[in-house]
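Two complexes come next, and they have one chain in common, subunit A, joined by subunit B in the first and subunit C in the second.
What follows is the complex of A and B.
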């Protein structure tokens, strides 16, 4: 990964922005908390002090998951876009999030204790993302048109939503409530204890991603060119689906579906960095994806006392016009 | 049989014809016969019971019905005449079934939203026999199902809109009535809706007698609660998504807490519905609050599974969580018409020293 001067400057700005926005995020809650409580919450936690409890149990997990979800979904989106050679691809639009949602719906509404537990939800979410990822991959061999594949992804999403609706009509009120809350998307349901699981899976996804940088750079040149460069395209695609399933699955399990991040951010990153080097793009996706979701959550926190905006709604409000702009730019 | 059916149709069509448009802000000079209810009005004129449905927000009159027993004469202009007693009813809310049950008239119910939300044995038996039809959600009921139920009157909750296909249904002499009991501010205001059910079922006297009885019991209980020396702090509700929903300070729940001698943390907030707070705010305000009411679950474990951060509440640590959500829909079916029992439960929980010496009617302490 060779960084030119422009890339270095951009990364320096992003590296400077991240702690700044993280700081603003930590201090943006409805309740004013003194700085000392932030320090104590991490290093000298006293559970009888409500301010420290709020920092440790609410603000830190919320901030960490915003970074991981923003970065993870953006990287997953980048993988999808390169794999299908389609700038409008992403885990949400290709139905991979819907696969997670469908399997989470099955597990939550099954009433089986293991499946309704945290571990059960994560497993279901990962499995759903993987199966739907494999389905979309299979279709990609059959259809060559980018638009057709996107339509198939949207149809898969519609299919999953229809099954979820039927499950909802059959489920008991408590399960229905649990699933409905999850499906609204939230960065606030994550608990401090969950962070180790989330970080574990995210690290697996991140480390695995390092091994696909070179094949991804080759795939940009086209499948036949990649083959001549000695890339096992079939295995690379499988690896990409697995990594995407891990990243999307674990994030969706804890935060519910979050739309447009995986679609809009990789495009923004490509516009900013103007490179095909996937090492740079992945790093850019991580930083800009994290900054994007952190910023969205700061907005939510700032207006929280007067209006509650679900994270999924805000990312869609910001992401959808951006994606329309990309489509219009391509048509121009 | 056929002749009687045709006669009924002719009468109902004639009755239906007695409608004309009037100003919705226009009110009768007489005072409504009701004492607490604010979302409907009742008057008696020339032996006819006149009913006004009052919109809870705009306070305008939404509907005017004249309940007639036999004669069609003297129906005031602007009123839709409905012959009482009603022969069959669709009751989409549990509260409506509870009111009818109190008058022993649930045999009239021919349609419900879903039988799993029904506790009344008569309705359940009739459902098994196929005499009661499941209608589904209020906003998506097929018109054919309503017609099939042979109902004369359809009670719905009226969450802000008119009933779908209301006009078409009226043409078939099926009248839709939004029951705004859930919007009443005072617990006795909710209960006072029984007077309407009394008129509709021909049991006006029984309904009035019952209401007078519960009104006395309720006010007696308030006097007992006033003897308490302490006023324990309490909060209510649970998370819905990312926000915590609590009853607003002027809501009927807040009135119940006050009447029971409790100190509700959000008693000074405005509004009769619910208020929303972030979980951070709720934790800050209620970490040391003594009692937690109405979390909407059946066990403490369920609460912990839903959100382990609840363990920071003192009420959670000291097992002072009380819920009515452990026994199906029983609370929703009975509580509106038995507010004195809800109040009795709250007083017993908050002031065991008063020794009311009765079991809880609705509430259960969540300890596991």
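What follows is the complex of A and C.
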């Protein structure tokens, strides 16, 4: 990873923007909160002070999950795009999110106490993401065309959501409500106590990502060239699916499905940095992905008093036209 | 460098056999044979990607099938018949990917690596392309860039699978001349599969030919065969 002058300048701008937007995000909720309560909420928490409770229970978890979900999904998308040599790949379109949704639906509606708990949901989500990741990986050996693989991903998604709707019709109102809330996608369901487990999995994802930088750089040349450069392509693909499942699974468990971030952001990052060096691209995906999701959530918070926009709806409204633009640019 | 003795080449069924051939450093070998004669299978077999049906292939005195992937990547480099260029990948960075076997876990190029990248680029006289994107090059320039990447891998053997198939006459000539220069200046063993009989005769390379009637591979030193004889043996 060699940063040229331009990359350094872009990163400096991104590093300056992040705390700025994080600050705006913290203060843009419906209720005005003084600065000192933010400080107290973290270091001298007093659970009788309403402002501090709001900060600790709502604002901070929401901000942290926005950063992790935006950055994590973008990095997962980058992995999928390089691994399948397909600029339109991403965890959502390839059905990896759908795997999470399906398994979460099973566990929430199973009525089994462990499975309906937080830890149960996370485990199911991780497992679902991994299984669907392996399915799409197996299909990638059978189909040659980029479009076919995307179609298979979309079909997997359709298949999963069909089963989910059958499960929904079978479930009782309480479970149905819990699952429907989850499936709308939201950054607001995370609690302060969840943050440690989210951070734990994100750190695993982040650290293991460092070790796939070099294989990813080689995979840009395609599988056969990567092999002649001494890369164990089979293991690398498995590692990439596992990391993607961890990132997507944990994020989906807490936020529900979030579309288009993983597809659009890596493309945007490549346009901005104009490089195939995956160390730079990953860092870029983390910053731009989290800035993107934070900005989306700021918009949602600002209009919250009059209209409730699910995060998934907003990322799709912005992401879908961008992806169409990419398709047009490639075909033109 | 490459030692092939009593070997049968093929994928499931035997395509042709080799009694004894030694491929040496400092030479360019043109691999000639009819379509389906087994050129690609041969190239895959000497890289150890598919096993020989019978017999042993030794590279640097070691059985190729027992050489681990990492060591192999420091021994043999491979150039495809076509490199389409990759978006946002500059020539310099592309050539730098040849250093992957030598870099640390994060893939960072050291100063020494950078120097080797520059040397490889210089070797093929493509300095003026170094900062261009690989998608902005002509077919000929892209093929030279791909060869620079293979040189950057610093292997003793470079295998090229029909590198001139998509090039015009001038560029084919340039590629062959460059390969000859490199083989002697860097003392490499270079194997090029090709359909271009005139070109390999003109460039005076050694000839590896799959005999159509005996189903055996034969090796001829340069300037020994005429085109009519090549056609007679191989087609």
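The definition used in the following text is that the second predicted complex is superposed on the first by the 332 of 332 C-alpha atoms of A that agree within 3 Å, B and C clash if a C-alpha of one lies under 4 Å from a C-alpha of the other, contacts with A are read in each partner's own complex, and residues count from 1 in each chain.
Criterion: a residue touches a chain if its C-beta (ideal position, glycine included) is under 8 Å from a C-beta of that chain, and two chains touch if they have at least 3 such contacts.
Model, not experiment: these values are computed from the prediction.
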item	value
Contacts of A:11 with subunit B and subunit C, given as first, second, both or neither	neither
Partner chain in contact with A:276 - subunit B first, subunit C second, else both or neither	second
First (subunit B), second (subunit C), both or neither touched by A:211	second
Contacts of A:27 with subunit B and subunit C, given as first, second, both or neither	neither
First (subunit B), second (subunit C), both or neither touched by A:232	second
Which superposed partner A:322 touches (first subunit B, second subunit C, both, neither)	neither
First, second, both or neither for A:45, with subunit B first and subunit C second	neither
Touching both subunit B and subunit C, residues of subunit A	none
Residues of subunit C defined as touching subunit A within the complex	47, 49, 69-70, 72-74, 76-78, 80, 86-90, 93, 97-98, 100-101, 103, 105-109, 153
Subunit B contact footprint on subunit A (complex, rising order)	29-31, 47, 50, 53-54, 57-58, 174, 178, 181, 184, 186, 188-189, 191, 193, 304-305, 308, 310
Of all residues in subunit B, those that touch subunit A in their complex	239-243, 276-281, 283-284, 287, 297, 302, 306-309, 312
Footprint of subunit C on subunit A - complex, ascending	1-2, 210-211, 213-214, 217-218, 220-221, 224-225, 227-232, 270, 273-277, 279
